[in-house]
Amino acid sequence: MASSEADTVEVHPVTFPPQVLARISPELSLQRHLSLGIRPSLKRFEEFRDVHIDQNTLSRYKLENAASEDSTNSVLGSNVLKSGKTFVITSITGGIVEETLPVETEDPGEQELEDLTKGRDEISKFAPVYPLVEVERGRVGAPTDEEMTISQKLHDYVLHSGLIPKSSLKVQCGVRTTEKSGEAKVLYPDEDVDVSTSIRTLSQRKWSYVLYAKIVVFSRTGPVFDLCWNSLLYALQDTRLPRAFIDERATDLKMTIRTRGRSASVRETYEILCDPRRSIPLKISRESVGYASSFGVIDLDPEMALDQEDHDMEKEERQPILLADLDTEAEEACIQSTICIITDSNGNLKNIDILGGGARVTPAILRRAINLAQLRARNLEFLTAPEV
Amino acid sequence: MSTVVFPGDQLHYDENKPLNIGPGVYCDPKSQKVLPINAGSAVVSDSKKDQSLYIDYDSKRYIPAVGDLVVGIIVGQYTDSYKVSLSSFSTSVTLPYMAFPNASKKNKPTLKIGDLVYARVSSAEKELEAELECVDATTGKDAGYGLLDGGMTVDVTLKFARHLLFDNSFPLLPILAKHTQFEIAIGVNGKIWIKCEEVKDTLACYRSILDCQSLPVSNHKNVVKENFSKVSKVAEA
Amino acid sequence: MSRFEIYSPEGLRVDGRRWNELRRFDCSINTHSHAADGSSYLEQGNNKIITLVKGPKEPSLRSQMDPTKALLKVSVNITKFSKTERSKTSHKNERRVLEIQTALTRTFNKNVMLHIYPRTLIDIEIHVLQQDGGLVGTLINGITLALIDAGIAMFDYISGVSVGLYDTTPLLEVNSLEENVMSSVTLGVVGKTEKLSLLLVEDKIPLDRLESVLAIGIAGAHRVRELMDSELRKRAEKRVANSTN
Amino acid sequence: MSIIASTGILNHVDGSSEFESHSTKVVCSVTGPIEPKARQELPTQLALEIIVRPAKGVPNTREKLIEDKLRGVLTPLIARYLYPRRLCQITFQVMEAGEPELEFSQRELSCCINAAVLALVDSGIGLLAMASSVPLAIIKGQLVVDPNAQQLQESQSVHTLALEITESGKNVQNILLLDSTGAFTQNELFQILSQGEERCLTLVQELRKVLGDRINSEIIRTKT
Amino acid sequence: MAKDIEFSTSENKFILDALRQNLRLDGRSFDQFRDVDIKFGKEYGDVTVTMGKTKIHCRISCQIAQPYEDRPFEGLFLISTETSPMAGPQFENGNSTGEDEVLCVRIIEKAVRRSGALDVEGLCIVAGSKCWAIRADVHFLDCDGGLLDASCIAVMTALLHFKKPDITVLGDRVTVHPTDEREPVPLGILHIPICVTFSFFNPQDTEENIKGDSNAEIAIIDANLKEELLRDGTLTVTLNKNREVVQVSKAGGLPMDALSLMENCYKAYTITEKLTDQILACVKEDDSKRNQYAGLLSSENARDAT
């Protein structure tokens, strides 16, 4: 600071290469791109990334050949989804639990019970899945907030969309009988009427399947909820449930327990076993299948645009514009207004999430987003269609 | 003239005159719109040249502003400054050793951690730690700032502290003065330091100030009286 | 549980003691002179503990530095093999252990002259090798011995002891069999006074019996103090004798 | 609609409120701006620590999701660039959920938003606008504003709407949050937006009244 | 650990000076417990306890669960006390590893759960396979000292107030009757423990406290936040109306004369008696209020039927 001629300060314009500018001022960089009609990812405003899927590559039950299954594999359905640089891998596993429904009347018939709950309680007809989302970041540790919120969202939305009716998770329990020859045989109620009555007398308890989903995201480049949802849906559509049975001999097991001078006989919990050979497809309600698309809304700021032309900025009101399929750090960081839509191709909406922290979400923009989401749902539906 | 406004409401002022905005009013940097950000009564004061606008609202947490008189606790000591807390859990502010009367590199103030000081906020930028001074910058005299020895502090809401400090018609202090002699330092950060000759009188003042905070002005007299008689009853026993 | 006779009509307890009899008390200090500045090994009945005192030393964390006094830290390691049945989990972060640590820290905070060691840390580590009832009392005695060995200034001894209440009879120093079937009280007594630094009652006791329980406890604690004192004096005399030779 | 709301109910925080609608009841506390921990600090703006605690049981991913949504609503509302490198703690305690907790969180979310607005105003933290929120449901094609627990269970779709409202509670500035789930159509969606807007506007007037009454009584009390 | 409340030396000294003259900041006498206000929510087992500026909410909930394998005849009972910054910024969310938090949790645990205040054997439904799991969630809303005493009152009141749905057991099949169908049943409460906390101050120097015979230490009941922050030691006595000491905890701190500690215990008993009566009266009053409506409803139903 030796310069004594303080009055002749020269101001040099500073220039940065685009990559550096994007780091220093993501907002400015994003606006510059948008003013050129293009996004930092070089997509157009309403363009989605391409999606590729791979069905059931990790599952126990391969579609084409049921015999060649791998009995050590516990994955019931799976999907690998690739969108841009991001991979999402979903695997569905399951468990069996005893139902502990509070029963209203002493012993209502099956149908009677359903009538009772119908209309009175819409949501209790459906079941959720229990997802666990992991976004790989190259380190381990407690789940991040993002992972927890995505997991919870998936859980809530699967439940509310009515995708999995509880009836399709009921275990049609079989019985294993040992014939005189010593050969064990498993009979199922839906195949043999006698068995269905015998099971009813054997046990009054009911079991149902629970579904768990593990979703792992690799190389995250932007918000990933829509990708996780789509991957989960693809996986659920091809999930198969193993058949389960109880052993006839185990049903009568009682056990005496004694503590502190008191004793009681406790009936041992039934050992319910999974059939290693047989399986049934998971019935999901097809009309409830919807696919997710994400959008962002941002105001174009004329002051930040590259001023190639000198037309009158003043008259231009800031116009919010719609960007489809948010990607890249810059978009995620700078766009505060987001829309996420789950819909099918016919416009039956399953879910809409709007956060309006930034630009104004106008009805026109919302309509446009729904339209785009619908078109995209059609494309995504095609991916699972059997090849023509 | 005052009306109660809420965040985001429209403010009424003369658009053609230059406007000074005070606490509770925000000028949006992008749209240049002036809007209230707190709920309270909007106060517009007009002068010939310009006008000023602020919202009079109550709160418990103090945010430093230049010129405010505050009571702080010394919580730390560095090579050239003290660390002072103006309210618990807030970011602490600095009190440089040079901001004392007759300060020089050799003549350092002798405050200890835990001491109370009465000071003036000399700089407050929202991104930086605020600074205090214990000296009247124009005269170089102590001007009543500095260590508050003994006594007791009362934590009150900021609005109540402002009433006590600026509102000359507010009756509480004259009422207290009828019962006892006291020294008082009122910080607009909601800390009031009070000291009487006797512990019991200080305690009566302490309770009175706390009680009167949530009572109508008309009740102050009785409350103060009650507190003093209660304290002396215990002291006699 | 009624197989044992906790207190026979003849006035004998399960381990053959009378109601006012202490357990065997064997202690030694300076047992781990290389590992720590002060150490003690204590057997009180079947309780066996090692106590190590490190410090006053410079604290490793800045937050542990107090410009006015020393910081006292107590950590208790209850080994997995300390009971008849090996415990499967580590006791380290159990609330019960955290509670004991806090209680011990607060007991000695008031008794150690912390103000003469400003900006330092006194780290006390206790390893419980075997436990058989009345553990907290034993821990107090172990710490007192180790602190004295470390030469850290204290106002007075603190001696710990537990007392059970069987029906209406107070039983001095309970072992784990007794502890399981009756309520017990743990006391930490300061020196030869009747002042209690620590008092823990964990089960129901009739309010009107509490006083007699405390009385026998204080007497027992004074006896424990004497036992510790004589051992310490023996050590000191030996040391003096060695140095004059 | 019957809401019961009050502010300044707690003593050791800077702002607090209680908001009750049907049988959902939430207490909210706000402390700030205070000094953040190093990992929370943001260089240019106020950091928010949002904590939701359920009426029963320990906080779970369900509460995390509510926290996430609240953050989305409250962040744009607060004049956060006024308080760089500071922290604001906003804590919610659900006293009564008023809905089956396993399946729904709509009522709690919207009550939390309303309670937060009250508590933030009470705390004196700068807000750019007022906001209000209302849950909605569609039962057999019929739109129900502010449904109760029973109605939620019967519904085909449930929605939470939160709006940013300026200019004396008359102008809707933006949609802060719309969270719709279930089965519904585009028409129903716009119906929800319009009827929800109506209710939010009346609600914000009620919130203003709650706050205004307190401010006015304060002015009268200290009048000399 | 979050930051602490900052205190000035003057304040510290003043509070002690006042105590030496028998004066407390809030005007109470040394042996005076704050007035306790108990309010019930809409549902059973929803209680808010206010003591001065301390406010605590307790919520009881129940569900059917499997008993522990080694205790097949007992139900489950859990008390959860998690802190949040709502009670004051000095508390950290969900962190209960701080010294005071651990002591508070442990003492409530000993006072209520381990002392068998709740009859857990009465929670058994089907031995070894099904039982009630009762959960008490304590929420600290506002903290001006005495959290422990207030929590204990809140938990006990809530347990007394709570009613669980009635059940019918047929073999191994359990039917739960919704509360609107069959009158729910209260829990079995065996005794009502009440915690009373004393705070000790030392008006002289440390040496006098340990060596001297003056026993001039000051003990005050139910300290508020400022007094709690300055105290030298604390003693929590838990008693019930049957003159039983349920739990005593003086975890270190200022050494106190055994006789004066006994005196404190007796003082605590009079408070215990008073509070127990108040709790029972409150629960009874609320119960009759609810029954009054129930009576109204049932008579209306009867009219409809005719």
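Lettered A, B, C, D and E in written order, each chain numbered from 1.
By our rule, contacts are C-beta pairs under 8 Å (C-beta built on N, C-alpha and C of every residue); 3 or more make two chains touch, one makes a residue touch a chain.
In UniProt terms the chains read A = Ribosomal RNA-processing protein 43; B = Ribosomal RNA-processing protein 40; C = Ribosomal RNA-processing protein 41; D = ZYRO0C12496p; E = Exosome complex component RRP45.
Just so we're clear, the structure is a prediction, and the values are computed from it rather than from any experiment.
**Student:** Tell me, please, which chain's centre (mean of its C-alpha atoms) is farthest from the centre of chain D (ZYRO0C12496p)?
**Tutor:** Using the mean of the C-alpha atoms as each chain's centre, the farthest one from chain D (ZYRO0C12496p) is C.
**Student:** Measuring between mean CA coordinates, which chain is farthest from chain E?
**Tutor:** A
**Student:** Roughly how many whole angstrom separate the Cα centroids of chain B and chain E?
**Tutor:** 39
**Student:** Distance-wise, how many Å sit between the C-alpha centres of chain C and chain D (ZYRO0C12496p), to the nearest whole number?
**Tutor:** 54
**Student:** For chain A and chain B, what's the span in angstrom between their mean Cα positions?
**Tutor:** 54
**Student:** Which residues belonging to chain E are in contact with no fewer than two other chains?
**Tutor:** Touching at least two other chains: 3, 89.
**Student:** Check each residue of chain D (ZYRO0C12496p) and list the ones that touch at least two other chains.
**Tutor:** If we look for residues of chain D (ZYRO0C12496p) contacting two or more partner chains, we find 31, 34-35, 164, 173.
**Student:** What does chain D (ZYRO0C12496p) use to touch chain B in their complex?
**Tutor:** 14-15, 31-35, 79, 82-86, 121, 123-124, 126-130, 164-169, 173, 208, 211-212, 215-216, 218-224
**Student:** Would you pull the chain E residues touching chain B in the complex into a rising list?
**Tutor:** Of all residues in chain E, those touching chain B are 3-14, 17-18, 21-23, 25-27, 29, 89-90.
**Student:** Going by the contact rule at the top, pick out the chain E residues touching chain C in the complex.
**Tutor:** Within the complex, chain E contacts chain C at residues 97, 99, 102-103, 105-106, 109-110, 114-115, 206-207, 209-211, 232-233, 235, 239, 243-259, 261-262, 265-266, 269.
**Student:** Of all residues in chain B, which touch chain E in the complex?
**Tutor:** 73, 75, 85, 88-89, 112, 114-116, 148-153, 193, 199-200, 202-203, 206-207, 227, 230-231, 234-235, 237
**Student:** Within the complex, which stretch of chain D (ZYRO0C12496p) touches chain E?
**Tutor:** Within the complex, chain D (ZYRO0C12496p) touches chain E at residues 10-13, 23, 25, 27, 29, 31, 34-35, 49, 51, 53, 55-59, 89, 91, 93, 95-96.
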